[in-house]
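Several structures are given next for inspection.
What follows is chain A paired twice: with chain B in the first complex and chain C in the second.
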Partner chain A sequence: MSAVAGDGTATARIGISIAPFAPLLACLGLLAAWQIGALLLGTDSIPTALDALRAVPDILGDRSGLANILDSIRRMAIGLASAVVVSIPLGLAMGRVPAVASFFNPILMVTYPVPKAALMPVIMLWLGVGDLSKTLVIFLAVTLPIIYHSFEGAKAVEEKMIWSGAAMGMSRLQIMARIVLPAALPEILAGCRTGLVLALITMVTSEMIARKSGAGNILFNALDMGQYDTVFAMIIIIGALGIIFDAAFDRLRRALVAWSDTRQDIPLSFS
Partner chain B sequence: MRPTMKRLMLIAATAGAVLSAGSAFAIDTIRVGFTIPAEESKYWMMKRPERFPDIGKTYNIEWTQFQGTSPMTQALAAGAVDCATQGVLSLANGAVNGGLKAYIVAQHVYEKPGGFSVYWAVKDDSPIKTVADLKGKTVGISVLGGGTYGPFAMILRKAGVDPEKDIKLVETGFAVSEDALRQGRVDAVNMNQPFAARAEAKGGIHKLFSLSEAMPNIVHILEACRADFVDKNPALAKAYVRDITHGMEMALADRAETLKVVNEVLKAPIPVLDTYLLKDNDFGRDPKAAPNFDAIQLMLDIYAETGMLPKLSVRQFYNPNVVAPIE
Partner chain C sequence: MRPLTMPRDSIANGPPAVPVRAAPPMIAIQGVSQTFKTAGRKDHLAISDINLDIADGAFVSILGPSGCGKSTLLYIVGGFVAPTAGIVKVKDKAITGPGPDRGPVFQEFALFPWKTVLGNVIYGLRQQGVPRAEAEERGHKLLAMVGLKGYEAFYPKELSGGMKQRVAIARTLAYNPSVLLMDEPFGALDAHTRTRLQNDLLDIWERDRKTVLFVTHAVDEAVYLSDKVIVMSRSPGRIKKVVDIDLPRPRRRAELLLDVHYQKYVVDIERLIEDAPEDAVHP
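Up next is the complex of A and B:
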């Protein structure tokens, strides 16, 4: 009995000690699978993981390469921030005012499944080929999940809390700002986290058709020229950006809504 | 309060003076679309603007890169760009379906006799020995319904192969064509530079037929400007075309520098570019970027013959005052 218990404790201890490194191990496993797969296939269009990793410093060490990536991040940040500013109040209003929900719900349901990057050619005709059209595509992609989560979060706020606020003499705006918003914040931030990933995806796809600069500039040029090491190196960089942004956002989320973290989250990021 | 007010007024007056001076010296900007590869004169204008006396002084260029010529046709039709690279088919499609009114102002690359011609390759051990053997096979083409389809379809028809019924035509971008052929995903595929040079160096494949067998002097890409832009800004349009002429002259005169310029735009290694760029196995370039309107008319006729376009005259794209060469 004692031996079994000892084994169980040891296993649990190993599990605990490995847990912080699990995302890193997963990445290493993925790279190893990629390396073996590429070696087995032996085709030019799939370089080995090592070849792709070797091309990463070339991109990041080149001033124009770095400027391209930073341009994309700037557009992504503007699109995401604008979406947050617009979507959270709208989602909260939809969650608490049935008339607002009745008005916007059908519009959102129709537009939700439309791939936003596919709108790029049309938006380009209205707003030109500059930053505005790309930022708008990012904005549109990010808006819907944040609205949806804000809506669900606001809807789930207990009526008793609203009544208590009203009984204390709060106005509708005060109830929204001081009761609904904090109570819905965990759900809102879950929407923002989804939005962050979508912003990163749309950031690249918005540069597919027309571009002056950006991560897509490096990626799609390399693809056109058959420079597959660079293509996959850019994919690695974009993936790494996703991990960094997600980890940073998760830290922010934990700081803001630590009170709501009752469940054991699966570590998706390195945070 | 008073000194503060005075300071504010001084700042406002200074800002006003700077802004008005800025507008007095504002120079025109031309919005240009480009793509990769094979636009050396524009790459020179982009990366060596100091070698062009007018760029940055009498006018500016706002460059936007597009993925192929078709999105640039849309951008021209929408007025999102003033001038852009075009293929003959994409420009004609824009005129027919999008109401685009544009002038052909210069030419980038064409298929010169004896030079590189887009070709369809097969593996050395392939049972396909002639065009007729393509019946029942899977054939790759860079863009379905793209500019190369017209002459490709003509060659197949001449050999008794119906390109719509007798083969399975699949879209295979130039960058992946070699891989697709070697792995057997297609039985024949079109090759373009620099991928053709790379594949030839490896061996194991050979040319089945090339587009030049259907027609000589195929114009692959040219420069077009919106007619309303040219009519409203003739001096600006002329300055731009003058620089394209000058850029082409410089690109051809200094190959070593052109390799560097192209490397900066394409990010392709110079040793790769050196295998073909501006050599005999490359496309042809008119020394002064002059469009070959007769060859373009012949292409329009082939597109009409293959049912891709209605009958069109190249005259609608011609403006004698704004066309390369402009010295």
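Up next is the complex of A and C:
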């Protein structure tokens, strides 16, 4: 999701000056390509980038537009947060207790390839088209990568580190909380980042299936009515949300696991 | 010939003839064997029938060829690995797992990378409910003792190998175990750092006389530091010989290197390890 700044010695020198603006440049480049492409094609269903951009403030300025988007974000946040709370302890337990792993592994392997949004119609039968079904689908989509990464992270914790904790008099539970969890945190956060992206995707697709409110609701209703400006404006808004969430998450991650980071921008400062 | 196992009375207890009932050893290893089950291959007997008493306050080294089971034995005494046969007693009580009475120092350091140097050192104290201010004060003292004053706020990844090993030692000393279990703690270090850490360790040991079980590859290191050197043979690992090191303390390295008794110990033990027929004669 985040753009990669210049790397390699040849680009290192310019890397310094453009690095902070690289994501912006990438966005501008994308918009320019879109603008030119749309002008060349000249079809109705693909508005120019400028037209789409002009429609963005209309959506955000509109009371119901904004409310729809906030609805989506709220569901996404609840789904993601509850998935984090459930998946991390489960993944860590699987990584350290073989019995837990052999119980849950088959279950996860069976559910892994199922696209979670495809469960939407079934879930709707039980829980209706409201918040609950959509939040549940987001939750289901996000749990797997977080469980998996927590599992891998916990498995990889150096045994001697755990022994050191045991020698200090920690109980198994304390070792989990005070050694396995922090030691596996970089890996866990990698899972959470994947989870964040999946949450955003599932948020939109769930609203495609159960149209009641949300960003996806606006998008697909506009599509049905042929309001292509709005469709593409909505795509821009969702993309922007992705970039903002990801950047915010990356800041959080850096703060949490600064101890493990070999910072990417250090080599650049040598040139 | 010296006996294969140490007599119950330790150096600290004086001559063995005294008819007073001797205090129990700090560590008693009784009939300990370890078999590793391996998928497909035959079960592997790593160590076989180890019997060893270690007196309170003794510095005992374990020497032996690679793969003879030195680490395995240390892990068993630590309670990290359960032996397939035999028991280990600490102060006459059979152990059932790890405990803060036995502090390990691993060859791999095993520092907590998410904690600063100070955070690592006080982790065990905080775990035991010592208030932060008190724990930190003790941590600062220990870090000064191992020569790491000023590095309190560093993270493990910012330290050299020798510095990490010092932190690991300070972290274990912090919760004041009565037994130190050290697995080749200086194995990965350069000669200069190793010498310094050996001297530091001796100083610490002279000061509070913890019982030390010290695994090493280096014969000179074992002789320099120890009261007793346990020589193990390979496949399966057994105790081949227990050598008492009767060199006066406190030991000064420079003097010792010129001492013929020291040199003789080193040469004899090296010969024991090298040409390894089971009945090699020790003078």
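The working rule: the second predicted complex is superposed on the first by the 250 of 271 C-alpha atoms of A that agree within 3 Å, B and C clash if a C-alpha of one lies under 4 Å from a C-alpha of the other, contacts with A are read in each partner's own complex, and residues count from 1 in each chain.
In this section, contacts are C-beta pairs under 8 Å (C-beta built on N, C-alpha and C of every residue); 3 or more make two chains touch, one makes a residue touch a chain.
Predicted model, so just to flag it, every value in this text is computed and none were measured.
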Clash or fit, chain B versus chain C on superposed chain A: fit
Centroid geometry (CA): angle chain B/chain A/chain C, rounded to a multiple of 10 degrees: 150
Which superposed partner A:210 touches (first chain B, second chain C, both, neither): first
Between chain B and chain C, more extensive residue contact with chain A: B
Partner chain(s) touched by A:226 [first = chain B, second = chain C, both, neither]: first
Which of chain B and chain C A:118 touches, first, second, both or neither: neither
Partner chain in contact with A:85 - chain B first, chain C second, else both or neither: neither
Contacts of A:24 with chain B and chain C, given as first, second, both or neither: neither
Which of chain B and chain C A:235 touches, first, second, both or neither: neither
Touching partner for A:158 - first (chain B), second (chain C), both, neither: second
Closest approach of chain C to chain B (Cα atoms, Å): 34
Residues on chain A lying within both footprints (that of chain B and that of chain C): none
In the complex with chain A, residue positions of chain B that touch it: 33, 36-37, 62-67, 71, 74-75, 78, 80-81, 174-176, 178-179, 182-183, 194-195, 198, 266-268
Chain A contact footprint on chain C (complex, rising order): 75, 78-80, 97-100, 102-104, 106, 108, 110, 112-115, 123-124, 127-128, 155-157, 171-172, 175, 177
Of all residues in chain A, those that touch chain C in their complex: 158, 160-161, 163-170, 174, 178-179, 182-183, 185, 257, 259-260
Chain B partner contacts - residues on chain A that touch it in the complex: 43-45, 121, 124-125, 128-130, 208-212, 217-218, 220-227, 230
